[in-house]
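Structure record follows, encoded as structure tokens.
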Amino acid sequence: MMKFKSPPVNSLSLDFLTEFCISLEKLENDRACRGVIFTSAVPKIFSSGLDITEMCGKSMEHYAEFWRAVQEIWLRLYGSNMVTVAAVNGSSPAGGCLVALSCDYRIMVENPKFSIGLNEAQLGIVAPFWFKDTFVSVVGHRIAERSLQLGSLYPAPEALKFGLVDELVPEEKLQEKAMAVMAQWLALPDHARQLTKSMMRKAVLDRLVAHREEDIQNFINFISKESIQKSLRMYMEMLKKRKS
Amino acid sequence: MMKFKSPPVNSLSLDFLTEFCISLEKLENDRACRGVIFTSAVPKIFSSGLDITEMCGKSMEHYAEFWRAVQEIWLRLYGSNMVTVAAVNGSSPAGGCLVALSCDYRIMVENPKFSIGLNEAQLGIVAPFWFKDTFVSVVGHRIAERSLQLGSLYPAPEALKFGLVDELVPEEKLQEKAMAVMAQWLALPDHARQLTKSMMRKAVLDRLVAHREEDIQNFINFISKESIQKSLRMYMEMLKKRKS
Amino acid sequence: MMKFKSPPVNSLSLDFLTEFCISLEKLENDRACRGVIFTSAVPKIFSSGLDITEMCGKSMEHYAEFWRAVQEIWLRLYGSNMVTVAAVNGSSPAGGCLVALSCDYRIMVENPKFSIGLNEAQLGIVAPFWFKDTFVSVVGHRIAERSLQLGSLYPAPEALKFGLVDELVPEEKLQEKAMAVMAQWLALPDHARQLTKSMMRKAVLDRLVAHREEDIQNFINFISKESIQKSLRMYMEMLKKRKS
């Protein structure tokens, strides 16, 4: 079990991503570890997604390094040979939602105050094609198209309805349930399960691998636009005000 | 709001398509216009689809011109930068359904006498691949496969069940609801929404652009077959009899 | 109506596949035959899928011949010009499920003791990409991904929920219902229906045709691994014990 613990909101900063990546690689190479459950040690939030401070007022080099780290975590997580279960015990917008979507199974606490979704459009930014591909694979094209355009966040019960999460449980049952699901998946022979997973996900993974540098360049060009920087600054100020 | 008014059934004749196209282009270039609601000024019918008289007993040149106009309206509508909402206040078979499918959101009057679907197969003709692609993107592969083979028309309540329309409302609430939906979509920053929409629809749009002349040739070859002309003539006579 | 009768479980042996293929070809070339209903003459089982004895302890040449026969039956069935209806009157795992998935419509007896699914992973083997493509086309990517990794078998009522089968009926109504469905599909003009079906399925069919020899080679390499042979032998012994 891997617990995200980067208060206050488990935002995916460059440091967080780097550490996440190293931990994941270690587990992947540890033959004794066949599966991993992701959950949060921070109350009410699974992960708030990409850290906006990494995308605001930094150098081109920094943007490139940050984006490469985001790509890397997704490539490792979506392509993992391990069984991956997301035990979503809090809200999970944007990049937090991507982490959950990249797992094999998603269990969420049935609290309607916790919401999940790819809400990038609400910040005036655009989810990259591989966020979109991952999303379409889970909820289908129509729901993805509408949700991405509106930047929709769904309360847990709604997210269940169209399969954005697989199951809801009361908070106190989350860990137990996640362990039971893991046991069910680990009952299958690893080799066949891994080949099957790779068959299902290879096309989407290969697409980013083939366009990785281009995708970094796109991100840099987009994020360094003055209009985008301005909306991100406004969004951060709004967050600060809300907090205080 | 754009109201289709071509009695008796808003069929998509060459004239209608040409005017539709010009109006759409004007709105698209008008920076003050960020969204458009499509509805019908004719009672009980949204649009009856492609005008069969344009496909029957005409010259090859006419078929080509007509088909190019059908392609053009779809390319503009499906690829529109504006928010597009279909307020479906009547039946909407074949090409009428395509117009609705090409919008960002579909609201339909909850009258079970109004039906919607791609029923081309019932007339002995075949929906082209881009009708199919648009349909699959909304309802998924399985529903599309079955519905296209059977030429199914669905009463509004059934269409809602599998997402062919997004919402049903009483007829008197349709306009109000369409305005509310439009307001919700316009609350998002245009730039991010447009890039997201383009990301979702580009592959399908590009496919027609790449095969446009081939698709026109296919249509001409198919429609000018004597067997097809015969079934279209029979269908038109049936419609005339039913009317009288 | 074609009745599978190869007791005890209608397993798809090389002999069965060869005969199935010849029968199908005959019907396909018989212009009087526009549709076929597949069902089982063996109680409680539609088809148990590929015959494991054909994959165990045989020569490379035998594996190649067997796999080519499996490919051939799928190419003919999935690409059939006829209307194909599966009247699933018993359990239908693995290859049996593929036969049902390849039809235009699936009716299953509403007995929860009858289950259906692609459970290859449970045997430690991997469904090939064209099983996967066929499955994804029917149930969508997410359900397919989860079900294939877990090798899930679904009782009839669950299979209905996500569209793995189209309809459930009491056993005594199965034949009547299958005939009614066939009549509904045959009411459409053949030519338009066939072109539509081909448009929906061509990409998936073409993919196997383009990679057929490679797919045979993959199968041989995989199945002749000692670890795979061992799990198949164990599985067969388990089946024998269960029987006695």
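Going in written order, the chains are labelled A, B and C, and every chain counts its residues from 1.
Everything that follows uses one rule, which is that a residue touches a chain if its C-beta (ideal position, glycine included) is under 8 Å from a C-beta of that chain, and two chains touch if they have at least 3 such contacts.
All of these numbers come straight from a predicted model, not from anything done at the bench.
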Superposition rotation for subunit A onto subunit B, Cα-based, multiple of 5°: 120
Same vs different contact residues, subunit B with subunit C, by half of numbers used: different
Whole-Å gap between the CA centroids of subunit B and subunit C: 36
Multi-partner residues of subunit C (at least 2 other chains): 140
Residues of subunit A touching subunit B in the complex: 120-127, 129, 132, 140-142, 144-146, 148-151, 227, 231
Of subunit B, residues touching subunit A in the complex: 104-105, 136-140, 163, 166, 184-185, 188-189, 191-193, 195-197, 199-201
